[in-house]
Amino acid sequence: MSARLDVRGLRKSYGALAVTDGVDLTVEAGEIHALIGPNGAGKTTLISLIAGEVRPDAGTILLGEADLTAAPVHRRARAGLARSFQITSTIPAFSVRENVVLALQGAGGPSFRLWPAPRAERARAERARALLARVGLEGRGDHPAAALSHGEKRALELAMALAAEPRILLLDEPMAGTGPEEGRAMVDLIASLKAACGILLVEHDMDAVFRLADRVSVLVAGRIIASGTPEQVRADPAVRAAYLGDETATGAAP
Amino acid sequence: MRALALLLALFAALAVVPLAADTYVVALVTRAMIFALAAVSLDFILGGAGLVSFGHAALMGIGAYGVGILMEEGTREALIAFPAAMAAAGLFALVTGAVSLKTRGVYFIMITLAFGQMAFFVAQSLSAYGGDDGLSLAARSTVAGQRWLKSPVTFHYATLGLLILITALCALILASPFGRVLRAAKENERRVRALGIDPYPYRLVAYGLAGAFAGLSGALLANLTEFVSPAFLSWHRSGELIVMVVAGAMAASALGVRAGGAGRLGGAVLGAVGVILVEEGLAHLTEHWRIVFGPLLVLLVLLGGWRGRRA
Amino acid sequence: MSTTLLLVQVLNGLQLGVLLFLVAAGLTLVFGVMDVINLAHGVQYMLGAYLMVTATALTGSFWLGLPLALVAALVLGLVLERLVIRPLYGRDHLEQVLATFGVILFVNEGVKMVWGAAPLAIPMPDALSGSIRLMDGLNYTVYRLALLGAGLLVAGGLYLLVTRTRSGMLLRAGASNAPMVSALGVDIGALFAKVFAFGAMLAAFAGAMAGPILSVEPGMGDGLLILAFVVIVIGGIGSIRGAFVAALLVGLIDTLGRSFLTDLLKLVLPPSDATQVGPALASMSVYLLMACVLFFRPRGLFPAPA
């Protein structure tokens, strides 16, 4: 079930440096909202603020009706806020399937069963198989997560995020480091998800952003300087001056 | 499968000891198995959940004092004293764990060390129960009124039975969905949180269970030596238990048993038996056996590279 | 409980606090700067006392023996750093615990073999023996006052060293970003070795100074090491200021608890219960303090910036 993410007046400073400087941002149900900006603009900090790893100095974060501003990471995740990490984050010693099973366990709420639960485990394994198939990892379930290729790890991360049937998905540079083929597959995959949930997409790959996004916001020095449809943003002179000019020239820079 | 084979081979070897050895060796091996039980309970949280507890001897000692104090107060029955010892040690682990588990890494090591030392000093100040000198037990515990534990061989098999039971229990828990959370949080806590799971309550439950299991080993140790003293809780002994777990894990991985996961509990058994026997052997050679054992430990770490470099 | 007795115990508590600080300072620096947990720090305190025994016996003088013992401790610190600690940089904390635990076993046993297991004494220097009248009915040993003063002086000097000098600046920079400092052309390895040996010397100084008022025996550093851990955990790992505040706090609470808690409990409990509970509670007091501090501030009173 999708829901609206509503971020208002978010601020975070480290000493005198305002890394997030009054950001307002919404992600509507079923849309892909892309966040772009030069390196050091504060994109990852913003994701961390929304995911709950960093506490804001001011502002509110609402998911549907629920105020998550003060909730710890795990409670936000339980409320329907799932994420992928910029630097791939899985459980390397687990098999690919066990990674997804763990994610399904998280989605199922706390369980203190100390003994094996074969029936519930079989159900989870079945759902894990379906999720892995959805992200193109069918047949890879028994491999150690550490042995996957970079692109496959990114797909596994996505499967883990999807396990919770999230209402909002935070994707921090899902395309980073993938080859051209894997990148195309990832774009198709992300496009197929938007019926299920709203997506906040942080991405450097401009082709992908303009193919996928319903709306684009541009973050520069902790502030959103422009927001609108891809065409509007592309045409925005401030954006061209501050950002697009050099980025489009280098193409799909990391 | 190799992990299971290692465990079965170890248990089989321990089972035949009384058939082939004299009373002295049987008592030595029983002692080794008691420490193996404590090492398994430590490995359950250390290897299983990544919690480096440096106060495990205190949990063992609380179990030992539980038996000693109850006997002093007139309760000799193991079916009462052993569960009470486990409950006392488990409760101490839950209360200190509630604070310690709020911290990470080296803080956790130091805090568990400090709480262990706290229990040590309290044992020292129990003047009604021997204080610094310790407390001699009138006899070994009875089981359902029977004096079975008096026989070294029966005691040996009772200890082996409990060791097998607790090892199997720890392995099952680590393999369960609960154990999966522990193992995952050890590898990547941030990821686990982002999946909607707070590892804290899982770790606390595991820590309490490990405390109860360590308490059981202490109850056995008190019966074996028919004596308890504050030295049971000393931090040197906590250090020795860590040595057993880590040396055992290294030995196990040298034998091709995958380190990590439930499989490594066999390593803890191997490590405990090995360390007790090496100590005993060195002590036969020289009263200053630590002058050899200390550098051995340093070499083990410097040459072994057990878990490699931190990320 | 008279005011005089209270004052004496406050002075004793401060004196324990100062000793704790000297040991904890090295521990917190080594951990804060190098990310190494060094259990062997307690044996460096013990070695300081034993080296002092030998050095005073050789020279026949406290004042000649002290610098000799300190230089020897510094050299031993450098040797330990080179042989055991250096290979442990960047390794797992568990491995550091194990290796330095091995060092403790070795040194404790070695000390027994070289100096024997029986407690030894260091003669008090003539100039500092005797006691001084602080007020009516309050006589206090000159040596203990000197120990307190020396500890405070070292604490002040250390604070200036860390906050005001180039080495101190490098040290703090190295702690927060070692690769960056090394990229600036500073030899991080040499800096770490210096810090380690300096910390060892501080601990040895504490041991040497404590020698004349305590008995010098194998394992004497173990108890102090654990109290020093409590101190740096309460103070916040890596913080000299935190170590100072926490050391005085722990010294005072431990000393006053042992002296007065039983009597205080007698006010609310039957005397027989109080004599049972008092000592147990007193020996728990610093750990309870630690638990309370950590419950509210998991990174200590003065957490080092992340």
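Should a chain be cited, it is by its letter among A, B and C, assigned in written order, with residues numbered from 1 in that chain.
Heads up, the rule we're going with is that a contact is a pair of C-beta atoms (placed from the backbone, for glycine too) under 8 Å apart; a residue touches a chain by one contact, two chains touch by 3 or more.
As the structure is a prediction and not an experimental result, all values here were calculated from the model.
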Chain whose averaged C-alpha position falls nearest the assembly-wide average: B
Most widely separated chain from subunit A, with each centre as the mean of CA atoms: C
Mean-CA-position distance for subunit C and subunit A (Å): 49
Whole-Å gap between the CA centroids of subunit B and subunit C: 31
Between subunit A and subunit B, centroid-to-centroid distance (C-alpha), Å: 43
Residues of subunit B whose C-beta touches two or more other chains: none
List of subunit A residues in touch with subunit B within their complex: 51, 53, 72-75, 77-78, 82-83, 85, 89-94, 98, 101-103, 105-107, 110-117, 120-121, 160, 163-164
Parts of subunit B lying in touch with subunit C, wherever the complex brings them together: 46, 52, 54, 96, 99, 102-103, 105-107, 109-111, 113-115, 117-118, 121-122, 124-128, 235-236, 239, 242-243, 246, 288, 290-291, 293-298, 300-302, 305-310
Subunit B residues within the subunit A interface of the complex: 172-173, 175-181, 183-184, 187-188, 190-198, 201-202, 205, 209, 260-261
Residue numbers on subunit C that touch subunit B, as the complex places them: 31, 37, 39, 84, 87-88, 90-95, 97-99, 101-110, 112-113, 222, 226, 229-230, 232-233, 237, 276, 279-280, 282-284, 287-288, 290-291, 294-295, 298-299
